[in-house]
Amino acid sequence: MRKLGVAVIGAGFWGRNHARNLKELNETRLVAVCDKDEAKAKAVAELFGVEAYSDSREMLKRKDVEAVTVCTWSTNLAAETMKVLKARKHALVEKPMANNVQEARKIVDLAKKNQRHVMVGFLMRFIPGMQRIKEAAEKGEIGTLVYATARRVSEWPERIGDVGVVKDLAIHDIDITRYLFGEDPVEVYAKAGSLRYKQFEDHAQILLTFKNRETAFIEANWLTPYKIRKLVVTGSKAIMTLDYITQEITMETSGQTLAPRYEVKEPLKLELQHFANSILNDKEPMITGLDGLKAVQIAEAALKSARRGTAIKLK
Amino acid sequence: MRKLGVAVIGAGFWGRNHARNLKELNETRLVAVCDKDEAKAKAVAELFGVEAYSDSREMLKRKDVEAVTVCTWSTNLAAETMKVLKARKHALVEKPMANNVQEARKIVDLAKKNQRHVMVGFLMRFIPGMQRIKEAAEKGEIGTLVYATARRVSEWPERIGDVGVVKDLAIHDIDITRYLFGEDPVEVYAKAGSLRYKQFEDHAQILLTFKNRETAFIEANWLTPYKIRKLVVTGSKAIMTLDYITQEITMETSGQTLAPRYEVKEPLKLELQHFANSILNDKEPMITGLDGLKAVQIAEAALKSARRGTAIKLK
Amino acid sequence: MRKLGVAVIGAGFWGRNHARNLKELNETRLVAVCDKDEAKAKAVAELFGVEAYSDSREMLKRKDVEAVTVCTWSTNLAAETMKVLKARKHALVEKPMANNVQEARKIVDLAKKNQRHVMVGFLMRFIPGMQRIKEAAEKGEIGTLVYATARRVSEWPERIGDVGVVKDLAIHDIDITRYLFGEDPVEVYAKAGSLRYKQFEDHAQILLTFKNRETAFIEANWLTPYKIRKLVVTGSKAIMTLDYITQEITMETSGQTLAPRYEVKEPLKLELQHFANSILNDKEPMITGLDGLKAVQIAEAALKSARRGTAIKLK
Amino acid sequence: MRKLGVAVIGAGFWGRNHARNLKELNETRLVAVCDKDEAKAKAVAELFGVEAYSDSREMLKRKDVEAVTVCTWSTNLAAETMKVLKARKHALVEKPMANNVQEARKIVDLAKKNQRHVMVGFLMRFIPGMQRIKEAAEKGEIGTLVYATARRVSEWPERIGDVGVVKDLAIHDIDITRYLFGEDPVEVYAKAGSLRYKQFEDHAQILLTFKNRETAFIEANWLTPYKIRKLVVTGSKAIMTLDYITQEITMETSGQTLAPRYEVKEPLKLELQHFANSILNDKEPMITGLDGLKAVQIAEAALKSARRGTAIKLK
């Protein structure tokens, strides 16, 4: 099959990972790297033998750029993604996709109008163990889904500036619980606070209630000395757990705990591969702009709930 | 010092543990055991060489009974405790102390009127590691307390009948978070459901908000294949964790994780010892009838919140 | 079925556990407790409502004593066991059974001569998980047995005086590896030393080679801050692990790790039950005096190897 | 400081890691990559923008190549290293350095004759936690060193062909125990076998005795479903443990377990950095050809002990 020509906007730590994977994948040909900071763009571009840009509009003129992954600071994600879509390229935009619901909606609308694919970077879905949990949920192996609890905590991040833990961390679990339960939450109640970082919340506890009465509790903070990324899904027949860091999963039933072994894979690689294949085959990606929009909506509702001190109903 | 004469009402699994400890403690002299089921009373009484009763009123006439521990089914706790207090004996009543707030209040009032001590069996406080966490919180070692998350889950219990997980399990963590934060919650939002047991809730997720904006998330269910009893307390300076089953604690700061080793002790023994010493020295016990009343109030508010689907404010 | 009349010689910590279990088992009737220290004997006897003796010969005159469990200091085990067998009672003797091979052999011979059963207290065999590992080994689930590694370490013991770690700790694993491999070792090479306790070795590493070329590595010491009791059995098809303290086992194959859940049982209870049933049904116990003799032989060979600095061949 | 010009011989999986790190380090400038398989050499060279060679002699003529890292199949390590030294370049040779003692000695002699540095790739020494253990040992924090136990097991390796587990895996722990104890073993006793792989041993248990009576037990095999790389060092004052995979260490004393947190670092990067700095500053590297020779000697003695069934004394 032919290779999809891809460019990357955002040459920081995460953009570098995008570039590396796009260079290595059989499905893609890394064409160019862009960053407002020219030096950064050059450093990454040189590492992979491609061209560097400091103005994305210039880069987007290239015919050999068919799709673009957007990995900038959260604040700029939406603006850059709009440029990509305007230039009639497909886009994979890192979470949280946009700062607010309005920006997110604009992206969804423009993608539809220009008939371009938009995928959102909720890469947790691509961990092999997560796929197994999804399969187990669909096949009834877990039984009736009761609730999920997610813990996504870490130290004070080096790279931070423009969003708090809800849009930076919890949003992954908001997407995952939507994915696993296969439906949208109808209510959210959250508590959040700023212990050290005055501008944004550095700790949050969110309780989501779903249509079929399942609930999800999400804990996110930047106050824990080391990274913990865990998920527990409790069902009537079994409990499944996932450690996002080791990628180990367990299925616990009354008689035993079973921990199947999967080869550890780089979820970003699988995500970019899925993105490329979706475009090459003109199929809707697993995670669309609509998923991104919904995640932002729920995140904003959580922040509103925390501010107001009440539960917020979601339509 | 002289030994306190103690009797036990309720000769089931837990009452047997009470009897064993009271027999072994230096501070107490086990005098008698009572159970509506005469055979049960005899079995336990014989094991420890004391007298058996099937009518607590008869047993309460004995002068050598100065204090009584009440370990019956939840449904009968309050009624039996009232008999004990009416007979002017001191009482240690197992959690949840009473079925509802009214019963709990009556106990508190009668104890006050008759000037008898009432202690409630929230034995988790007596785990050495819990005492260390309380100390660390008081000394500022954890810094500003942000939140606590508690997980108290297990299999379908053998002994069950008259309360759900909120009053059977979560009530321990309700008491513990009051104890650690040193204040009462001002709001509770909970979700609960009955997956298998139609009469009472078998799973619950409770979010408590405290006066100084700390929060506590409590998860309790009877749907997990094995017992897990864990607590995590997150503060601005450190995270402390406790595994109630192994009694191991850790203190996690940015530079290290420290796990001090404490001799494993039977919390029930320490609780009964504290009860006896409180009476012998005429000091108010660490956990009073008022603590029990508050725990029941919060538990009932949680159940109300779950029923109504709204947050409940607590005065 | 009728109850076997049993007495206990040795009223220390472990003897008390024997007495408690014998009191509780359906198969046994605890008749008396004996200890050279009369106060100790009385304390335990009174706890269980039986008679106390300070001279075992007196106690052994009783007709209602059919079998005796011997739980004295290691130094006295053999002497007391000989008294028991001379009095024509059956005996369960705690490990290591005897101080040396000669004493052990005398016990085996006398038991045979007087046609009495002798069982040795290698209670590790009775942990449900150990039974599962034995079954897995026999059924070929582990494949060809390659080797076992055992780690049995702890802090400086409170109760110690007359044997080092080889005869106190490692002897359990010597018995277990004989049990699992189903054969006797042909060679032993060991290193041991006395770091703190001048009289006996407080650390040892033993490498046993078995007839079919399986090997077993046993590590035992009193230098570790907390108790660790673990076993790993490596086979061509699977690895099985057992944590003696939690009783958890795992079976690890290339595709998964499986941890079946067994009810935690008190191995001492199962051992005493097996002992009683062996006598009541006149069947040879699972662990005979010959097993005890062999374990002592191997333990002594290990100590010899450590002293001489050479491997020792075993016939 | 100036950058050291470095080339890599061996463009397989591990050689690629060498190349990547040499490309990224400030101290080095990756100049060329060589592999008998021209396609492999080109693939890696192109990835990093350097020249490819299929004949190392050609590459060694380059003046800008000052040092070379040798990462070929074990069988070819010594031969290629000799070419490097003959061409008067410094060499870092991957373990096991050579197939046998004679080859290893030739390397040591030639390096001395031509006054070139030789370093051996025992990268485990460079894990931050290992450095901490070494420091703790030197400062007496662990007390008197009693023994070390190492477990280095994994699944059947993809890349294998010319050495068994002793020279492929155990040799790391042979080096580490020499490093931590600061002396050479005086005796080795080993058992090894070939369960699946007829040509070389796929499982081994090695017991080393050191001059001051410390011992080290090393277990290595390719029969375990997943990678385990652990070390436990037992001393009179403390036990230290290291998990090579997570890089987590613990220090266990009677009162507590302490787990200091170190930033996870790529040991290969630190090793290559140390190599480069040693040459740039003309200082002897931490791990010399002599360390490599000794490790091979001990490994061969272990294999001899396993073949003969006796302990082997080492001078």
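Letters A, B, C and D mark the chains as written, and numbering starts fresh at 1 in each.
The rule is short, and it goes like this: a contact is a pair of C-beta atoms (placed from the backbone, for glycine too) under 8 Å apart; a residue touches a chain by one contact, two chains touch by 3 or more.
Keep in mind the model is a prediction, meaning the values are calculated, not measured.
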### Same-residue or different-residue interface between chain B and chain D, half as cut-off
same
### Query
Pick the pair with more C-beta contacts: C-D or B-C?
C-D
### Task
Could you pull out the chain whose C-alpha mean position is farthest off from that of chain D?
B
### Message
Can you compute the centre-to-centre distance for chain B and chain D, using the mean CA position of each chain? Integer Å is fine.
### Response
56
### Query
From the C-alpha centre of chain C to that of chain D, how far is it in Å?
43
### Query
Rounded to the nearest whole Å, what is the centre-to-centre distance of chain B and chain C, using the mean of the C-alpha atoms as each centre?
39
### Message
If a residue has to touch 2 or more other chains to count, which residues of chain C qualify?
### Response
225-226, 254-255, 257, 261
### Message
Which stretch or stretches of chain D touch chain A in the complex?
### Response
49, 225-226, 261
#### Entry: Sites on chain D touched by chain B in the complex
254-261
### Message
Touching residues of chain D toward chain C in the complex: what are they?
### Response
144, 146-147, 149, 151, 155, 187, 189, 191, 193, 195-196, 203, 205, 207, 209, 213, 215, 217, 219, 221, 223-226, 234-236, 238-239, 252-255, 257, 309-311
